[in-house]
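One chain, chain A, appears in both complexes that follow, with chain B as partner in the first and chain C in the second.
Let's turn to the complex of A and B:
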């Protein structure tokens, strides 16, 4: 009986469970805003316009778990989109052009990774710089105009439907990407390395993990996913422009952080990121149905991002025993945050050592 | 020879020599840019062109002084572009609805709103322990969302604004645009603050080593909140100036402005790891950014190359700064080891 109870408690206490509850809650709220929300067509098409943000979030999750940040992904996606479009306009086969676009975005990710890992530069400043550089480059490649008239067999990837014209094909893309990247993150040695580096880079180096190579790779993954997001983006919108994806960095970062990825590195799950992506898309869909403007929606999403981090900080502090949640006695307030995270790591290491003996 | 040199130069003067070199480096780059554009672009050296540069650099500079204080504490404020946009609209709207309002009062209102926004950022970073990049990414979206909500899709045009407000941008006392005089005042006060005010010095201490600063009894949280509040307040002043320079204000005003500001700060030699940098450097950095922007316009080079250049410059400068700092630290460590060894040898003898 006690075991059952503890399993239930542990399941309920998981971040992913809270996300599922939040998704249900947001669904009820959206349904209150507009009765159209619960129609089958809307539910099936709910994620489609936002899938490119989800794809980028899956890639960014690797970078953040490894303790870094990559805010250049939107610019990166724009570069791959315009290069792809220019090649297509020049008569290259559309699939080959898309493949080259993926290659370009991976290379741009490698540039970030090399600067950050090999030259040991701060990822925040570097990707802030490459964000502007890539954004400018996209406009230089495709000055202001758009490229459209992509063949339908290609645009189906982002905007097509199967099963009686109801099930969006892009849904398979995003679920497939989540599953593959989830396996890479949770079931491979490389994935374990990413967590270890995010928890303690020095310790990872001393235990023989090829730290530099892994850190370059996470940025390459982030770049590749920006490219795949671009392929989906052009498919969905049917046109390529240099300002592709402008303003969606907020959604991507929110999906990652709200998904329970520790912003200081070392923790997080792909399932959480996927659920958070669904939650963000659902909220946007609900607000769209209620005729709330895009920029006003940003207030809600931005608030959600902040709330997610504050909640994570409190949770970590509670786990470290700094805050008593039982009789609701809040402890010293200055211990929330980095120190709390460090305390969690050190206590985990200590218990592991004890178990080892 | 090298050893003799190392013996004579004290560690402090070595560090300050490197930083002086840093400012000389920007000055050199500025000189090269000016000479290049003077040769290539016909009107570049005209008085009116330089007055235009001064107007452009003034707004960036006012905001950059606040951003410098935030970056000194090892944080970053991405939300300044949205604060400029919000306060620019509110300033213009105030004049449009109450054309008799005194300039001074409206400027104070803009600054006040900016300070409020900055306080939100500061509390999020210092109290709620949200990393500044994430906190200000969120508030960038939130402040812009509030701006859009207030404008409701409308805009305010120049003819709705009183002349005395527009004159702020067009008038040129002593040959220098009024906006540039404001910026010069802000830069001087800002430079004096971080150089001499005890709480301004604390910014450097916090950025160099937050833990050590805490142990030294510096109220780290309060200082970080102060830095963000100043950054917000100066962004508010920047918004007020922005509305007089670009009097057609809508909800997308100053979108992406934060990148110009951060480029000026980073090129100006403020270390992104916090703890080092001067306002003088930032002034030169802002001037360099403005000169290049102006030269590109005169040479009819696409606006987007400028965006690319800004980003590229940030990457290159951060890389060079980090490598130089690392070398410097190594040199200092080596010197300390040598001095220790010499003392041991002496004691042994």
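Let's turn to the complex of A and C:
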């Protein structure tokens, strides 16, 4: 009996479980607000307008887990989108143009990564700078103009539907991306390195992890995902402009932090980020169906972000057996130390295991 | 193992709950007489749209319709898309939209139309194939030209001119600026020189910053034309703070309520706008007639819009089919107290 109880407690204490409960709760609330919420077509189409924010959140998760931040992703996506659009307008094949767009966003991510890791500069300051620079660059490339009329075989990737015109094709893109990136994060040596670096960079360096290379790579992943988000964005909205994605950073960062990723690095899961992305989209959809005003919606989403930061801090303290109310911050630091030590050891073991095979 | 079983149990409970909810879902939403109309502005954070919505609600009251007013907090076409989607899901018969991004809302509007929603655009037009009729406040050429004429009369036709616009991607702003340049190219304006087009992004703080930059960079500046209600108010405030009222003239498009105290302080003596409530009122009459099947977008069709009188579906600025509200009103210290919006 005691064993069952402890399993229940541990399961309940898992962030992902809480997110699933929150999704169910928000579903009931939305259904109470509007009878249209539970229509199958609505449930299937609920994520579609927000998928580009989810794709960016998956990439950003790597950066945050590694203990950094990348706020240049919206500007990065805009540059990728306008370059892609200009190439397409100039007659380049749409898929080739999209591929070049992905290449550009990856390079922009590499620029961030190099400045942060090789030159050892703070990521908040660097990506604040590149956020402005990339945003400006996008306007240089496409000025105030917009490019539209992309071919249907391309726009289907973001805005097409199958199965009786109800199942969005982009749903496969977002689930597929979550699975692939989840595997990279949770089932590879590289992923383990990301956690270790986020927990304690010095310890990671001393244990022989190629810290600089890994840190550059997480920014490149974030850049690439901004590019993929751009491909989906242009597909769904059918319009490429220099202000693409403007005002979406709140939703992206909320998905990452609400997803249980520790804003100080070292903890988080791709499943959590995916669930949080679903929760944010579900809430926005439910509130829209109930005709709740846009400003009220922003208050709810912003409140959720704050609640997630506070609750995440409490939960991590609880998991480490430090539920006693007190200097939480102090408790957390010690936890980080412990986790880091464990992570270093386990990463070494993992490395050895891999070598053994 | 236990953990997995529990997780499974959780999923089963969740699924059962969801199914139960789906079954108990009643389809009986009370049906009222009249049409359900969704009124979607570029953003709900700019007061002009609230004025449009007040006019829309007056029209709906006369027609026995209901109007829902909602939209995003950012000026963004993509952020309007979820509102379009959910309006269609809720079974609205009509959608009135003003958008900053004509192409980004087009696919969603077409999906809504396929579900039976009649789409009418106003103020910021959408891609022509995604709406039935566009309701324009005035002709773009007239709006652009009249603002330059106001600037002329305020400065005596001499000196440097700057434009304070909203975002560089806003189609109606860019169209008006194009016509301002055309007007300025006429020989009458040979002593007026356009020195700068600044962008305040329809944000009060950024618009004030841009105004300050204009004052500093162009010491001989004689007039600022701000064809945006957000920009002109921020510019008036900035001119007052810098003690430049009367030295630099201010004109453009503004709301009487926003501008009243600056007019009284002598910081703006002539600016204009169409009647924003009448604008929303007219758009609602148009969408009502479209839902009723009386308007299909054919040129030459006529209809009566309540107290505003008769209108004709026509071509305007090379755009069609369009219903035009009329020429802008000019506000001056003499008449501003007659207007309250």
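A few notes on this one:
Just so we're on the same page, the second predicted complex is superposed on the first by the 310 of 357 C-alpha atoms of A that agree within 3 Å, B and C clash if a C-alpha of one lies under 4 Å from a C-alpha of the other, contacts with A are read in each partner's own complex, and residues count from 1 in each chain.
Here, contacts are C-beta pairs under 8 Å (C-beta built on N, C-alpha and C of every residue); 3 or more make two chains touch, one makes a residue touch a chain.
It should be emphasised that the depicted structure is a prediction, and the values quoted were computed from it without experimental measurement.
In the three-chain model built by superposing on chain A, chain B clashes with chain C. In the superposition on chain A, A:285 makes contact with chain C only, not with chain B. Contact with chain B, but none with chain C, is seen for A:135 once the two complexes are overlaid on the shared chain.
In the superposition on chain A, contact of A:143 is made with both chain B and chain C. Of the two partner chains, chain C is the only one touched by A:24; chain B is not.
Looking at the shared chain after the overlay, A:238 reaches chain C, while chain B stays out of its contact range.
Of the two partner chains, chain B is the only one touched by A:253; chain C is not.
Contacts of A:69 after superposition on the shared chain: chain B is touched, whereas chain C is not. In the overlay built on the shared chain, the residue A:306 is in contact with chain B alone; chain C does not reach it.
Residue contacts after overlaying the shared chain place A:188 against neither chain B nor chain C. Residues 139, 143, 242, 293, 295, 297-298 of chain A lie in contact with chain B in one complex and with chain C in the other. Within the complex formed with chain C, the chain A residues making contact are 3-4, 7-8, 10-11, 17, 20, 24, 27-28, 31, 34-36, 38-39, 41-42, 45, 48-50, 139, 143-146, 148, 155, 159, 233, 236-239, 241-247, 284-285, 288-289, 291-295, 297-298. Residue ranges on chain C touching chain A, taken from their complex, read 2-3, 6-7, 10, 14, 17-18, 21-22, 25-27, 29, 43-45, 68, 70-74, 76-79, 81-83, 85-86, 89-91, 101-107, 127, 167-169, 174. Interface of chain B with chain A (complex): residues 76, 124, 127-131, 133-135, 137-142, 144-149, 221, 251, 259, 262-263, 266, 272-273, 302-315, 318-319, 322-323. Those residues of chain A lying in contact with chain B across their complex are 69, 71, 115, 119-122, 124-126, 128-137, 139-140, 143, 242, 249-250, 253, 257, 263-264, 293, 295-299, 301-303, 305-306, 309-310, 313, 333-334, 336-338.
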